[in-house]
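As written, the chains take the letters A, B, C and D, and residue 1 is the first residue of each chain.
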Amino acid sequence: MIGLLVGAPLLGAAVLLVGGRYLERVGHWVATALAAVSLVLAATLFFDMLGRDGEDRALHQHLFSWIPVADFQADVAFRLDQLSMTFVLLITSVGTLIHLYSIGYMEHDPRRRRFFAYLNLFLAAMLLLVLADNYLLLYVGWEGVGLASFLLIGFWQHKPSAATAAKKAFVVNRVGDVGLAIAVMLMFTTFGSFAFEPVLAGANETSEGTLTAIGLMLLLAACGKSAQVPLQSWLGDAMEGPTPVSALIHAATMVTAGVYLITRSGAIFNGAPDAQTVVIVVGAVTLLFGAIVGCAKDDIKKALAGSTMSQIGYMMLATGLGPVGYVFAIMHLVTHGFFKAGLFLGAGSVMHGMNDEVDMRRYGGLRKYMPITFVTFGLAYLAIIGFPYLSGYFSKDEIIYAGFSKGGAEGWLLGGVMLLGAALTAYYMTRIMLLTFFGEKRWQPDAQGHEPHPHESPLSMTIPMMVLAVGSVGAGFFFDQGETFVHWLEPVTGLGHGDSPVSHGMVALAATGVMLLGVAGAWWQYGRRPVEAVAPSGRWITRAARRDLLQDDFNHAVLVRPGNYLTRGLVYLDHKLVDGVVNGTAASFGGLSGRLRRVQNGFARTYAVSMFGGAAVLVAATLLMRAV
Amino acid sequence: MSPENYLYLSALLFTLGAAGVLLRRNAIVVFMCVELMLNAANLALVTFSRMHGNLDGQILAFFVMVVAAAEVVVGLAIIVTVYRSRHSASVDDASLMKL
Amino acid sequence: MSFPLLTATALTPAVGAVVTAAVPAARRTAAKWLALLFSLATVVLAAAVLLRFDTGEGADRFQLTESRAWIADFGVRYELGVDGIGVAMIALTALLIPFLIGAGWNDADPPSSPANGQEGPKDDEAPATRRWRPTQGFFALILMVEAMVILSFAATDIFLFYIFFEAMLIPMYFLIGGFGDRAGEQDSEEGQARQRSYAAVKFLLYNLVGGLVMLAAVIGLYVATADQLPEGTFSLQAILDARAAGELDFGTGTERWLFLGFFVAFAIKAPLWPLHTWLPNAMGESTAPVAVLITAVVDKVGTFAMLRFCLGLFPEASDWATPVVITLALVSIIYGALLALGQRDMKRLIAYASISHFGFIVLGIFAMTSQGQGGATLYMINHGVATAALMLVAGFLIARRGSRLISDYGGVQKTAPVLAGTFLIGGLATLSLPGLGPFVSEFLVLVGTFSRYKAAGIVACAGIVLAALYVLILYQRTMTGPLKPGLEKLPDLKVRELTVVVPLIALLIFLGVYPKPLTDIVDPAVEHTLSDVQKTDPEPETPAVEAAP
Amino acid sequence: MSTLASLAAETSTSSGEAAQFWVLGPIALLGGLGTVLMRRAVYSALCLAGTMVILALFYLANGAYFLGMVQIVVYTGAVMMLFLFVLMLVGVSSTDSLKETLKGQRWLAAGCALGLGLLLVAGIGQASTGSFTGLAQANSEGNVQGLASLLFTRYVVAFEVTGVLLTIAAVGATLMTHRERLERAKSQREQAEARVRENKHVPPLPAPGVYARHNAVDLPGLLPDGTPSELTVNPTLRARGQVREVHQEALAAVRALEQRTNRHHGRAEAPGEPGGNGGAHGANGANGVNGKGVGAGSAADDEGAVTDAEEARK
């Protein structure tokens, strides 16, 4: 049953890739159908799970023994508990919707079949990731989604920028993966196993140092996958991929895998406060980082990407808080999955209508042309900025509250940071809103010179947007009702209650306040007066933010360029030194023999001389013999 | 005077012959120098036989002569053949024995 | 004694070589089919070996043994026998050769034939090669190498092993020197020929030097056994038993010298930094199948021999040398990867990648843990298959364009998507993506190393990232981006090429998803090796309490 | 004879023998030196012969009568004559320059020879024993008998072997020097036809020296411009380098004669004549042409002559 969950999309991928051009016409439908199949499976499993009560809801399925070498026993086994269930539902539902959406979006792409194959591959990998019963299998899914994201980011391979972005994403992720790999090894050497149960159970009788080490390694992995500082640089470029990809992988599901990993390994982090602190710091920094970047970008997708980073920063921070935060991290993750996917799909439909123009300064006043997009986008917008009683409102406020409840100065600090983040969120989202849908139209003919005439997207694209809009409106409320979600997850993640200096109400009030502040700020800058179609140079902070706060320049200066010099130097050395020694020896022997050859000059008299010399020496020797 | 002087003489002649072999290029002359060396050796042998008072030295010298004769015959034949083919009797011209 | 299965397995390709070579010049195609036939027969026999091999509990270590007196005066016997590792390696060798023959189907046709992957000229053409028979020679040599390799995997008599270990060089030399890929429009015909012969001679000299050192060690070993045992012997089994019984003990000094003698030879064969420089030349200049033959089959003899002879014969010395060897292995991993990054020539890039991988193998062997050594053995097989896939596809690409320079390619996936896809899969296997064979082995090696030498394990992890870099950069430069001029009508993979590549890829996936059959075969052998060196896996710090699910 | 016998019989050497030694020894040495140093092989051969004779005397003085005789008869008589024959075959008066061609050979040779000599002398000096036993009773029943008894008893095997050796040597020498004719010798007619065919020397070669005042075979004939034409002398002489120089005054005389005749007939100087001698060696080929022109008027074989002149110069 659980195996099928993964198997269906995997089958789809295989069939589509192998099937070749016979499937060109029906390929996308096959893929969507298979995604839907796994969605249905997930739903049935879900209700079946609801049928059982809290503690024994977890399901296990042991397929086969994968790598058995002595004590090293890696199995292909699945574990479906509430946590994974949540993810499965999110992945399959959003995934299916986006398959549907892509049918319209990729309609004119000649390689659509392959695109859907990759999408299916991604679904399979992601489901494997969340369903795995041990860290090694999780690692497989982990790299699998990396591969899928590589393929999808670089889907338009003829664009060098896309190819580069894909490579960058994979490599940066690889760095994170090393973290995960080392973590798994540490687990093996520490616990003699890396299945969830033994590890998490054994966590509390292991030394804190080991746990910290494992925790940090896991965090490294999470940073890579979830685009957290310092491994965040790939996410912006990943927007080179088709928009549905950005929505599915780089907003809703894959980038949240880091949060899943840390939540899953809660037991380890609980035992390692230092690691938790690092997690919090990373989350907080990323939160602001993403927000700042989001404020400056004019490319709508990159702005949203910044927003994604920032939101995931929230979740990270929450997971760093320990049991207090896990639940809400996941909750925010789910709601974020809805509204951010909605936002991206909206952006996609906007681009669809505008000849793939991404510069928001070339939009303006689109609400008249694409009403559905406007409405759905708007709802998602309200959700993300935490408009009261929309989903963002609940999840984010809970996290902020949890941050305060850390207590003491750090509590205040965290709360403050997160409120600032909230304000920024409101600011950049409003900015996007205003630039895109309000004001007067600012678009010009593109390079080929045809005037874009914005139009609403086909139904296959709008329907998913609507569904997601509903989700982003309702999810939070539904979750918060009687703390459904909390009780749902509690058996897996546990639940802690910090004592917060401030009450829920005050937090909600403050959040709403700063939100309004942000909106006002954005309106003050972009709403009152017309926006110029070309970005003003702006202050240094803006310029820096436009360049993703110089992260790439930093990487380039610190890693890439020295790396290039190193490789070039080594190539030279290998040729000159390592190889040179050998060739040198050979050459010297050759020269020596060449010299010796001269002695044989063929003149009989020369040989005679040597003969007589020899004779003389012999005589001398005999004489000496007799002398002594 | 003691017969050793003969030995000294033979040594000197031998040396002369050796020098000739090494210095001269004309094959025939080289050959003569070899003969000179052989004769020097013979002188020494004869002197020895006298000093030791038995004839073995002379016998040996006798054999040396025979062999020398044979050698001369063959050697000269060789020289003639070489001369026919190369129109030169210089030992340096026949220096094909090199790489 | 029962039917000599191992001898038969080794003999089949040898006979095939002779028969193929005897085919008259005009009947090239017939020769090809003959070679293919014989290689397939070998596969069948190897499969028989695999089936006859008993992996059950208490099965003795060396099975299918054959033993005949050969040079009685020196106690040299014709002794064959396989443990799990040997079986696996023989299976790999036998399995790869048919693919290599299929891939090299046209590589040895006379230059008159079009090089770009189309079928060669009909037999009645090409009068130039009436007397000289390059094609026949090519396939005959490949089969000859196969025979040698199988024998050296099966030999349990050290002298016998040495003979095949060396004899292998002769056909390899001619394969490298005689048959270049026709990729070098940048330099002249004789220029290529010069480079080829340079590469071939370099290969020969390196390996001969190694062999010489080893010969000295072999003789030393005989002497050592001769003055301690009733009579000197070369038999591995005998020596192992004698040591187990405590009758045999080379002193520390002797043992270390002997170990060095063997190790140097093997370290050259399985290129370990800094003895690696022959590999890039050899692989760069030879045709793709031969390059695969070198790195996937022949070099494996080196690592295999480390595992069987170095550790088996000289446990203390191996223990003594471990720090140095591990350091060298780490250097190879990082160094090879960095140099792969710096290459401009596709095949040289793959060669340096292989150097990096051999670093992993050696690391696993000398980690002295069952994961490490089991992983190393799997690694030998997986690396063989993965490199074969990548290199062969690269070979097809090179044959089409006639250039090895990465900079001559770009956007290939637009004209030849299937080729690009297979190339990508091969590349992903090389960077050991989970789900493909190499991942299993690489991770095992890392775990095995890490559980004994944490630092080494972590350093080795850098190799993972670098691998991703060089593979993806290669893929990006060649396959993606705008189409480079000259590639507009680049044909996609032909049926023949697909039949070569697809099974390899399937095998990669299978090995990645369900390696259990392989591990079952290998594990007992690894346990034996570990017991030879008197090592046991380190215990976990805090054994996990088995939480009931 | 008897005196000598008495000399050798004694166990000490008489003053007569000493005198003989001191007189003949140096001469022998001189002979050796001559052998080594003479530029002409014939001379060195003669010097060697002299040395050998002296050595023969020394043998006699040392009581080796048989050997002494053999030395004179076989060596000086037969072997040296053989040498001389060969010399004649190769060219009696051909001189080879003593100029050393191999770098450092001379010094090395001198070093080796001197070193060897010194060592030998030193050895002898070291091994010197004052007294010696004469051949008195060894030669008691005659030297020849003594030798014979030894030769046919103790050394009989060696004797036989040397006999075989001699036979083999003789056969070998004849084999080596004897040349089997592989192809039938060309008849005169065929040779003539061949000459015409390759258009070379169709007329007989110009005669030597007759044009100048000498009529010796080893003197080249002169061309009209007074330069000697090598064609006119026998190739063998050329090979031996025994072509005699044409003296400058002879040439001058020829030129003067021509001028006189010209003046006498009141003819103007033929163009190119005076420069003839000056540029003779420079423009030898051209002169060769003229020479043939004299020899045979036909212009057909001019270039043939040219080539021939080239050959001659080689």
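The working rule: a residue touches a chain if its C-beta (ideal position, glycine included) is under 8 Å from a C-beta of that chain, and two chains touch if they have at least 3 such contacts.
Because the structure is a prediction, the values reported are computed rather than measured.
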Looking at Cα centroids only, farthest away from subunit B lies chain A
Ranking A-C and A-D by C-beta pairs in contact puts on top A-C
Cα centroid separation, subunit A vs subunit C, in Å, comes to 37
CA centroids of subunit C and subunit D: separation to the nearest Å works out as 74
Per the C-alpha centroid definition, the whole-Å distance linking subunit A and subunit D comes out as 103
Dist(centroid_CA(subunit A), centroid_CA(subunit B)) in Å evaluates to 99
By the touch definition above, subunit A meets two or more other chains at residues 601, 603, 605, 609, 612
The positions of subunit B in contact with two or more other chains are 18, 22-23, 25, 92
Multi-chain touching residues of subunit D, meaning two or more other chains, are 102, 105, 108-109, 112-113, 116, 120
All chain pairs satisfying the touch rule are A-B, A-C, A-D, B-D
Listed in rising order, the residues of subunit A that touch subunit B in the complex are 597, 600-605, 608-609, 612
Given the complex, residues on subunit D that touch subunit A span 102, 105, 108-109, 111-113, 115-116, 119-120, 122-123, 126
Residue set of subunit A touching subunit D in the complex reads 601, 603, 605-606, 609, 612-613, 615-616, 619-620, 622-623, 626-627
Per the touch rule, the subunit B residues reaching subunit D in their complex are 1-9, 11-20, 22-26, 28-29, 31-33, 35-36, 39, 42-43, 46-47, 49-56, 58-59, 61-63, 65-74, 76-81, 83-84, 87, 89-90, 92
Subunit A partner, complex, touching residues on subunit B are 18, 21-23, 25, 91-92, 94-99
